[in-house]
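The following block contains the structure, expressed as structure tokens.
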Amino acid sequence: MTKGESVKLIVGIIKPFKLDDVKEALKDLGVQGVTVSAVQGFGRQRGHTEVYRGSEYTIDFVPKVRIEVMVDDADVTRVVDRILETARTGKIGDGKVWVLAVEEMWRIRTGESGPDAL
Amino acid sequence: MTKGESVKLIVGIIKPFKLDDVKEALKDLGVQGVTVSAVQGFGRQRGHTEVYRGSEYTIDFVPKVRIEVMVDDADVTRVVDRILETARTGKIGDGKVWVLAVEEMWRIRTGESGPDAL
Amino acid sequence: MTKGESVKLIVGIIKPFKLDDVKEALKDLGVQGVTVSAVQGFGRQRGHTEVYRGSEYTIDFVPKVRIEVMVDDADVTRVVDRILETARTGKIGDGKVWVLAVEEMWRIRTGESGPDAL
Amino acid sequence: MKINAGDTAWVLVAAALVLFMTPGLSLFYGGMVRAKNLLAMLMQNFVCMGIVTVLWVVVGYSLVFGRAGDGGLLGDFAFVGMKGLANTSIGTIPALAFVSFQLTFAVITPALITGAIADRMRFGAWVWFVVTWSLLVYSPVAHWVFAGGWLAARGALDFAGGTVVHVNAGAAALPLVLMLGRRKGWPHEPMPPHSLPLTLLGTGILWFGWFGFNAGSALAANGIAAQAFLNTFVAAAAGMLGWLAVERIKGGHATTLGAASGAVAGLVAITPCAGYVGGLAPVAIGAIAGGVCFLAIALKFKYGYDDALDVVAVHLVGGILGSILLGLFADASVNPRGADGVLYGGGWGLFGEQVLAVVVVFVFSFVVSGAIALVLDRVMRDGIRVSDDDEAIGLDLTMHSETAYAHERT
Amino acid sequence: MKINAGDTAWVLVAAALVLFMTPGLSLFYGGMVRAKNLLAMLMQNFVCMGIVTVLWVVVGYSLVFGRAGDGGLLGDFAFVGMKGLANTSIGTIPALAFVSFQLTFAVITPALITGAIADRMRFGAWVWFVVTWSLLVYSPVAHWVFAGGWLAARGALDFAGGTVVHVNAGAAALPLVLMLGRRKGWPHEPMPPHSLPLTLLGTGILWFGWFGFNAGSALAANGIAAQAFLNTFVAAAAGMLGWLAVERIKGGHATTLGAASGAVAGLVAITPCAGYVGGLAPVAIGAIAGGVCFLAIALKFKYGYDDALDVVAVHLVGGILGSILLGLFADASVNPRGADGVLYGGGWGLFGEQVLAVVVVFVFSFVVSGAIALVLDRVMRDGIRVSDDDEAIGLDLTMHSETAYAHERT
Amino acid sequence: MKINAGDTAWVLVAAALVLFMTPGLSLFYGGMVRAKNLLAMLMQNFVCMGIVTVLWVVVGYSLVFGRAGDGGLLGDFAFVGMKGLANTSIGTIPALAFVSFQLTFAVITPALITGAIADRMRFGAWVWFVVTWSLLVYSPVAHWVFAGGWLAARGALDFAGGTVVHVNAGAAALPLVLMLGRRKGWPHEPMPPHSLPLTLLGTGILWFGWFGFNAGSALAANGIAAQAFLNTFVAAAAGMLGWLAVERIKGGHATTLGAASGAVAGLVAITPCAGYVGGLAPVAIGAIAGGVCFLAIALKFKYGYDDALDVVAVHLVGGILGSILLGLFADASVNPRGADGVLYGGGWGLFGEQVLAVVVVFVFSFVVSGAIALVLDRVMRDGIRVSDDDEAIGLDLTMHSETAYAHERT
């Protein structure tokens, strides 16, 4: 990966079964790390219906995975494109990606900061 | 919802049993999506005590729900106000809401970016 | 804690068993609250291998804890330093800390905003 | 009569099997509640194993089986503290084997009620309810039917507790449900089962234990026991298929919870009949119970009472069905101590007695249980229902200071 | 013969124990699948308890045990609807106790197959498969071996179902697996067990129930039952140790799932032998089964069939092993109704019959089961396999509209 | 003596019930540990079912029951490999039924220890500990008490294992706990149970199985068995109530874990007494045990030993209590093979023997168990305790390469 001035945080909400593909794609790109969590999404994609002793009820939320990737400023486009590509199924509910500016960052182990901390 | 220039990320930490109300309120406002996760909060609100074979121990963390809502710049106030309103019980531990600037965002399914991606 | 103009969001990814130490350290510093969630990390630290009826498979992700702390601008350095200090084991996988600018924040219970909402 | 080791072995095993049903029941119910109320549900059941057992050896057994065969209303104090029972026999088994076997019924009957009152009754109130109910409701009803009391003397049949256990528990659940009121959020807010595997495990244990419940009620390891065993087996199966069929037709899906519930409905309905019917009767009884109990769930929505886990639809309705269907299907050629029902040329006599027994037990249990609940609600400082806050937080934490699941981070 | 209460008590208990094995099996398997397919697994097992039971009293029992001892191919309709069985006896026990005991075997045999087809068979297709298979495969095979049909008449021994249950189920699993095809992602994507505690609980229930399975097959509470009981106990233990030893040597770790699997492998292998071997033979049989079944798992990777939870490696291979090892270890001094195997001076006669029985049951079950699956796949609108989308979402939601776990937020 | 089918049926069932207790125990304990150590706990228990069983038929049974009734110190090698036992009887049951029943005690006794050493003992070290302990500690102690060895000959009573099982296991736990040292973080860091439903399920299984444990020890289906059955039932109940009462008074809450623990404490204490006391004695014994065992938990905090799941407080203290209370409550009119305790006019003779038996078993087990642990710690390359890193990661992953729960995302 390139070495720029500052660090950006890319956040993606994706379909859970795409996680492995996205992770492998990011590895291939040389991204050093990813942080992942299980979330529930609500959006255009409908939830599902369950039945409980004759009563139907709707579960509005759909399980999604949230990924956070810190990257060097210079790599943002490449990384975002790759996520957009690998996480896409073309069906409703594929999710979102967004980028936030990071003011400063550190690696806990060494105390390094800025892009060196990646 | 209105269509502005840029996108903001509203994050809220709320009481879990308020989630449904907040979700419905946001739906009513025309918000297109929400991402939710289960978190543990620590703050002014005290945790609770559990008993295990005669020993008491304190659980400091209180279950909370974290919501993320991406909205058009122009809608931030309306959405935040609505969250503040519906999530409020008036008792300690109601939580926080904050707004972050989003540099760019995309819809994975279509590749659209900016407010169109909402 | 001091009272400045604006609020920053400090995010940390740490080793789960360090959570208690970090929480206590932040309490000592006078930080009013923390929000915590369970996440999975992927990075330099290797995952582990499991065995299932004679087949080995690798679990890439390592359990981590994500903490979010909102602090007054003026306190960022002190808080970050303290997190870096208490979360460090010196071994690979200690995690990251980063700081984001918060545009505005509110306390739900009272509607207060800005550093007063902390 | 001389003690028969085979009969004794069977009744002891049956007692163990029925005792095991109460933990099974607690899991069956526990899987259906929300995780925050799981321990409270388990506890309400386990505490029956504690309270009723001690009461039983002190006085309960005597209240039921004192003056057995008197055609009367209640036992006496002849056997208080197990006086004079050691080393004696009842039929071909030791008296204490009989005491243990009957005790398991006394334990599980109030435990059945917990499904109705889930998620909102104070633990202390439940404890006192069990104590009182055991003495004031279970003891007389069991005397009437199991100990040769007045209903048995009239000719009502109840092989293993259709009236004493199921109608009785179901009828007691109703006033409690009405007095406690609805769970916050019911019926508009969905309260789905938090762990169906627990419920299925509970179903397996219940089915397993029910063999002891029904076939053990023969009090001997003989042909009647074998008949009761097979009937139990078949009715559970037919109940499952009956429920699934109706569920599938009405809602489009055959659910796992439906399979479990249907099996239990079949088991409930066969309980009074187990040693008195034969051939394919258990197929009919089980299938009818499975279908009807499923449909009976609609009642609570119609009438607006929050019978949380459908004790009324399954135990009350199933118990009534079984008790009354026995008036049709009873076959004296299967068991000479039984009688012939309508379909076997016995006329409507038995049927009438069955209806009478059901009505009497229903009314008595409903009224006295309601009265007990009313008194407790007055007498106890905080009443019988938990506070709104406690209900929102969950009973596990607020009643027992515990959390069911703590799959930790580290 | 007069009914013996002790024998009756034992067979009734044994029947209850074996019935309990099916829920146990569902948990054993259920723990190994992914959480999204758990309920579907439980349901495939529980529904066997529903379907096979009703079929059995209607016609299945008669198809197996009609014309018992005829040395022939199939029973008749003599006992349809349990005709003429009430209040009669078989040996020293009530006929209906025998009916119930045998029923439990008929229930669990198809249930064993569910481990192979996990995660991808449509529920409706499974229901029809069970109905058909029960009648067309289980009934004849059980007649040949358990009801004095032609294999038994030739001298093949099978104390409790090595061929009828395990080879039979394992052989049926194979064509189903081949026709269903692999689960999406198999074998490159790991599909680890979602809850090993469930699997261990299931193992405990299976071990417990297997005492009824094997020792109950003596149909009396006598020395043979005691021998079968102890052999079962020991073979399970030796199977566990055998599996763990080989696993440890080959892979460096002794796993919990290995302990569970090894115990089951030992139990499978001792099944045909239980009442015919003595001394330390169960140690040998169990240990061999534990080690060999572990190694047999490699076959599915080698030949590329997705036998999801290793029904072939454990039940087919274990069943074959046990049936054939009986040809070596059988000891007529333990049980005069048995025979002497090669190691006890009986020559190769028994061994040959055992091999023949295994081959015949394997071929018959494989062919007919495959044919049934083929026909169902044609006849049923959506075939026997779920759609790709349904598989990805999981069978719990798509087949049953349910979710196994809902540990909620509040 | 001629084999009695009823007695045989009962002892076989009892053996199955007791075997089932070990998986039950593993769940009881497993629910209380943290999720990362669950499988290791289950495995430590299951492996006892493997190891002890094979050892038992090879040599263990002979070491215990060889030279039975000799008033001596240890058996011999007469029954090695089950030599000469097939088709013989002991009392009214087949010898092999007795072998199986006694085996289940030999299995569960070391398994009880696992609760004390939870979360930090290497699996390999545990395996070797079980092998050695079974031969060097269990065999002699069981001979002394169960096989007419010197303690029995002096007149000490132990109906079902108060000394042999509970004092023995509790006394063995203590030196292990001392040598292993505390779990990292104990006692300041809370280590709450990860799944109380598992613990409650385990409690249900234990209670169920304990009927076999105690009432099976009558070795016949007779009045003594019935008395032991009822006593077991009642003491469990009273233990629950006793524990809950003291817990409630001292801490303000009646917990689910308290109900479970109290029931187990009552069961432990009634074990030596089960067939020797009557009337309301089990209420007293159970309630005392419940209260005292709860209070005994404080000892580990006072003296700083990390008995993780309170094996000392429940099994050692409960076992001592039961054995000694028998000196007060024994009633020869209940069982002529018993004796009269202090309260029944028998004077202090029995009481003295009970105290002696407790002291002897405690000292012997403590010393020899400690010596075994010491030797293992020296001899084994990595000692008996896991490394700090392995402890932090959890034993499931580091000992067995497995994870208990994998409720996946998809």
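As written, the chain order gives the labels A, B, C, D, E and F, with residue 1 at the start of each chain.
Following the convention adopted for this analysis, a contact is a pair of C-beta atoms (placed from the backbone, for glycine too) under 8 Å apart; a residue touches a chain by one contact, two chains touch by 3 or more.
Note that the structure is a prediction, hence the values are computed from the model and not measured.
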Task: Using the touch definition from the top, list the chains contacting both chain B and chain E.
output: A, C, D, F
- request: Could you see whether A-D or C-F has the larger number of C-beta contact pairs?
  value: A-D
Message: Which option, C-F, C-E or B-D, should count as the same interface as A-D once over half of the contact pairs match?
response: C-E
- request: Call it same or different for chain E and chain F: same when shared residue numbers make up over half of all numbers used at their interface.
  value: different
Query: In whole angstrom, what separates the CA-based centres of chain C and chain D?
result: 52
- line: Here the gap between chain A and chain E, centre to centre from mean Cα coordinates and rounded to Å, is 46
Query: Using CA atom averages as chain centres, what separation in Å is found between chain B and chain C?
result: 18
Field: Residues of chain B touching at least two other chains
entry: 17, 37-38, 50-52, 56, 100-101
Message: Touching at least two other chains at once: which residues of chain E meet that condition?
response: 4-7, 9-10, 13, 192-193, 195, 201, 205, 221, 253, 255, 257, 392, 400-403, 405, 410
Query: In the complex formed with chain B, which residues of chain C make contact?
result: 7, 9, 23, 32-37, 70, 100-109, 111, 117
Task: Sort out for me which residues of chain C touch chain F in the complex.
output: 17, 20, 48-52, 56, 59
Field: Touch list for chain D against partner chain E, complex
entry: 4-7, 9-10, 13, 17, 34-36, 92, 192-197, 200-201, 203-205, 207-208, 211-212, 215, 220-223, 225-227, 229-230, 233-234, 236-238, 240-241, 244, 253-257, 259-260, 262-263, 278-280, 282-283, 333-334, 392, 394, 405
Message: Can you tell me which positions in chain C touch chain A when the two form their complex?
response: 8, 12-14, 37-44, 60-61, 64, 66, 80, 83-84, 87-101
Message: Taking the touch rule as given, give the residues of chain F at its contact with chain B in the complex, in rising order.
response: 190, 192-193, 247, 250-251, 253, 255, 257-258, 261, 294, 297-298, 301, 310
